[in-house]
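Both of the next two complexes hold subunit A, though its partner changes from subunit B to subunit C.
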Partner chain A sequence: MATDKLEEIKTAVESRFGDSILSFDTKDGRIVLKVSAQASHEVLSLLKDLGFEHLSDVTGTDYIKDGEFEIAYHLWSHAKKIRAIQKIRISRESPVVKSIVDLWPGAQIHEREDHELFGIDFVGNPDLSPLFLEDWKEIPPFRKDFDTREYVKRRYYGD
Partner chain B sequence: MATNNLEESEISFITIPFGPQHPASGHFHAKVKVDGENVVDLVAYPGYLHRGFEKLMEYRTHVQNTMLSDRVCILDPFSNEMAYVNVTELAVGIEAPLRGKFIRSIMAELGRILSHVTWIGITSMALGLESGTRISWGDREKIIRIQEILTGGRIYPCYYVPGGVRRDFSQEHIDEIFKLLDYIEKAMKLYDDLVFYNTTFMTRMENVGTLTKEDAIALGATGPNLRACGVAADVRVDEPYDGYPYVNVDVVTMEKGDSYARSLCRRGEIITSISIIRQLLEKMPAGDFKVKWAMTKKVPAGEAYFCCEAARGELCFHMVSDGSDKPYRVKIRGPSFSHALAIFPFLVRGSQLADVPAIYWSLDSCPADMDR
Partner chain C sequence: MSKLLPRPIRSKGDAAANSLWVINYFTACGFMELLPWVGSGYDMERFGILAVATPRHADVLIVAGYVTEKAVSRIKRIYDQMASPKYVMALGSCPMTGGMYWDSYSTVKRIDKYIPVDLWVLGCPPKPENIGHGIVMAMNAIKGGFGGH
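Showing the complex of A and B:
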């Protein structure tokens, strides 16, 4: 039953986006799909139409060795009871991606957080002002080249 | 914390700070723009409790991080430990024994009662019902006492470990928990009179801050705030984990979506939690309560993702491992982030100034969980 639903979603997504879908995994009843950054917004829009109406989270990860950021969109369908994670990779040098605020208004703050902590620019997000940090002048702190311990020593102990 | 979005030149409006003094909002600051009594806009300024736990976890081993995980939300530590140890178990590839899973679920439900009872106190305080505050915070101590006997920690138990729990239940603990449940059940009658069916409480809460089902889903509401809009979404039922597949979880939903419906949802959840703990204690299997796992062991490279139902809603941990003994990246999805920063400003716009605390506390946001 649950497998049928997953196969249905897989067919719907792959038939429309074909080459833009880099991988589609349905392990443990959960969808994990890797998508090219250009197609990300359209695929998310389709997933929303397929019933994934709850955007749980937008997670950034810094893969400094690959020179890339990964953004993971965590979705949940209240009707189908399925979780889906869509992942995209963008260049670390020019981290720009289209905002999904038009699909989920709740994405606004998630993108704002990722902008502050990773420096990713979400085009179309109306407010990307700092959320947590006051008078922050260093590089975005959740990047891997930011060393928290070195910063604390320098900032608070003058070493 | 951030730049001010309100137009300074609009002199007919007055901007009033809400928080960050503790009794008003709990280390959360917002600027409320009012035109007379009407709220025109609200801009939230979080960050007073941003400790950067996700980054700090990258510097510590998987077992050390359990100590950080319960500090994410002060009022609901067990749920955070639950999500953290489960995501670690998935990353490592171990599974806790059944007795350990049952104990974890029992303590998570006790933590839910603890969180909701504390919420009764804070909400009563925000609405001027002082006796509700005193009595519920007194009862909170009774729950904390059990937590202290069992785990040694009053506020931060640090009780769960990847692979189970630190200590086993004894018959004495089980008897104490049964006694506590009887007590809370009796206390609920008092809360009904003092708080839930009190005229002041009802007048302040009814038809205030009404959230529709569509808006709730679009803005990322979860937990009691979503269930109060009529959506029967509960991770304990939808993706059952630990002890929950073995018990009957009665999902409490309301239809109206206003502050009062959210309050009644929490009232119902205390009763559900009492029932779940009794079922778990009766079915508790004998045997080991944890599996042995070396504390400094390297974790295979890969990703793990786990969601649980915390007192405030969906709590998820996303862990990326690179093959070392420390996580490469941990992301915590706390329920209060969406509730306070997306839903609270949305509900407050167009309401009355006096309703702001009622709406804020009916959403039960935890600034610690919001800022991480």
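Showing the complex of A and C:
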């Protein structure tokens, strides 16, 4: 992996969003950058212009001790053959973030899934209706405070 | 020589048992073990078993693998479209007890709470031999007059 390519990207990102970039790591030819939630959309837009044209995944993680959700955008550059992962943190109480369907239309289904499993609201996503679950009345099941065992006992093994 | 001649059909059950048409609902590994029967290795067609494209042509519904909450409504819909007499075969531990998904929030634990099941085949997943054993048991039961639903 050419390090100068990574340095080039680092310079381009940090020169424009100096304060919003919380950390910028390169590991095993991957870029992992942590960004403040406000600047997330613009940084992704810049990364897309820098050649990361493929969005692989949008994933969520529940850090319940910090009271935050982490959203990770997994990007891939076909030309540079570099993977970039952008991570943002949003509060668990009001999990609202701007949708990126205007940058990658394929993000729609990923955001819809994250909305269903974590309850994160993606503003601007045209369809956040339930994807896998039907008639779900509990809190979103991938949240750490959702007690799967208790739910299963009540739902399936009760009298 | 007489063994090579076609056997006369003795009863309605005999005819039904030798022409079981199957609609499959595959969700998981159960189907991987059923595949040898579709191919020439175990060759289900020598028993007159055919895989059909629509539930309206099918006599047997095979549920192979775990069933999610969302899938169970589809399975019910397939089952309702089948013409009587119809039979249901469930493959593996998952439709029986939930199997390894016994504490999953999204899979149903017992498929027979939703549709009647006539034959359970044990295994996680069941081996092709177990499935063949089940098929022969089902054929014998139908020959013996078991009418399904």
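The working rule: the second predicted complex is superposed on the first by the 157 of 159 C-alpha atoms of A that agree within 3 Å, B and C clash if a C-alpha of one lies under 4 Å from a C-alpha of the other, contacts with A are read in each partner's own complex, and residues count from 1 in each chain.
In this text, contacts are C-beta pairs under 8 Å (C-beta built on N, C-alpha and C of every residue); 3 or more make two chains touch, one makes a residue touch a chain.
All of these numbers come straight from a predicted model, not from anything done at the bench.
> What's your read, subunit B or subunit C touching more residues of subunit A?
Larger number of subunit A residues touched: B.
> For A:T148, decide between first (touching subunit B), second (touching subunit C), both and neither.
Both partners, subunit B and subunit C.
> Taking the superposition on A as described, I'd like to know which of subunit B and subunit C A:P105 touches: first, second, both or neither.
A:P105: touches subunit B, not subunit C.
> Given the touch rule stated above, what does A:T61 touch, subunit B (first), subunit C (second), both, or neither?
Once the two structures are laid over each other on A, A:T61 reaches subunit B alone.
> Based on the superposed arrangement, let me know which partner A:E53 touches: subunit B (first), subunit C (second), both, or neither?
first
> Would you check which partner chain A:L133 touches, where first means subunit B only, second means subunit C only, and both and neither mean what they say?
So A:L133 meets both subunit B and subunit C here.
> What is the contact status of A:Y156 with respect to subunit B (first) and subunit C (second): first, second, both, or neither?
The answer is second: A:Y156 touches subunit C but not subunit B.
> Once the two structures are fitted together, what part of subunit A is touched by subunit B and by subunit C alike?
132-134, 141, 148-149
> In the complex, go through subunit C and note every residue touching subunit A.
So the residues of subunit C in touch with subunit A come to 68-70, 73, 98, 102-106, 108-109.
> Enumerate the contact residues on subunit A facing subunit B in the complex.
30, 53-57, 59-62, 72, 74, 76, 78, 81, 83, 85, 104-106, 108-110, 113, 127, 129-134, 141-142, 148-149
> Give every residue of subunit A touching subunit C within the complex, in rising order.
Touch residues, subunit A against subunit C: 132-135, 141, 146, 148-149, 151-152, 155-157.
> Across the complex, what residues on subunit B touch subunit A?
Residue positions touching the partner: 1-3, 5, 46-47, 50, 52, 54-56, 59, 217-220, 222, 231, 233, 238-239, 305, 307, 314, 316, 318, 320, 328-329, 331, 333, 337-338, 341-342, 371.
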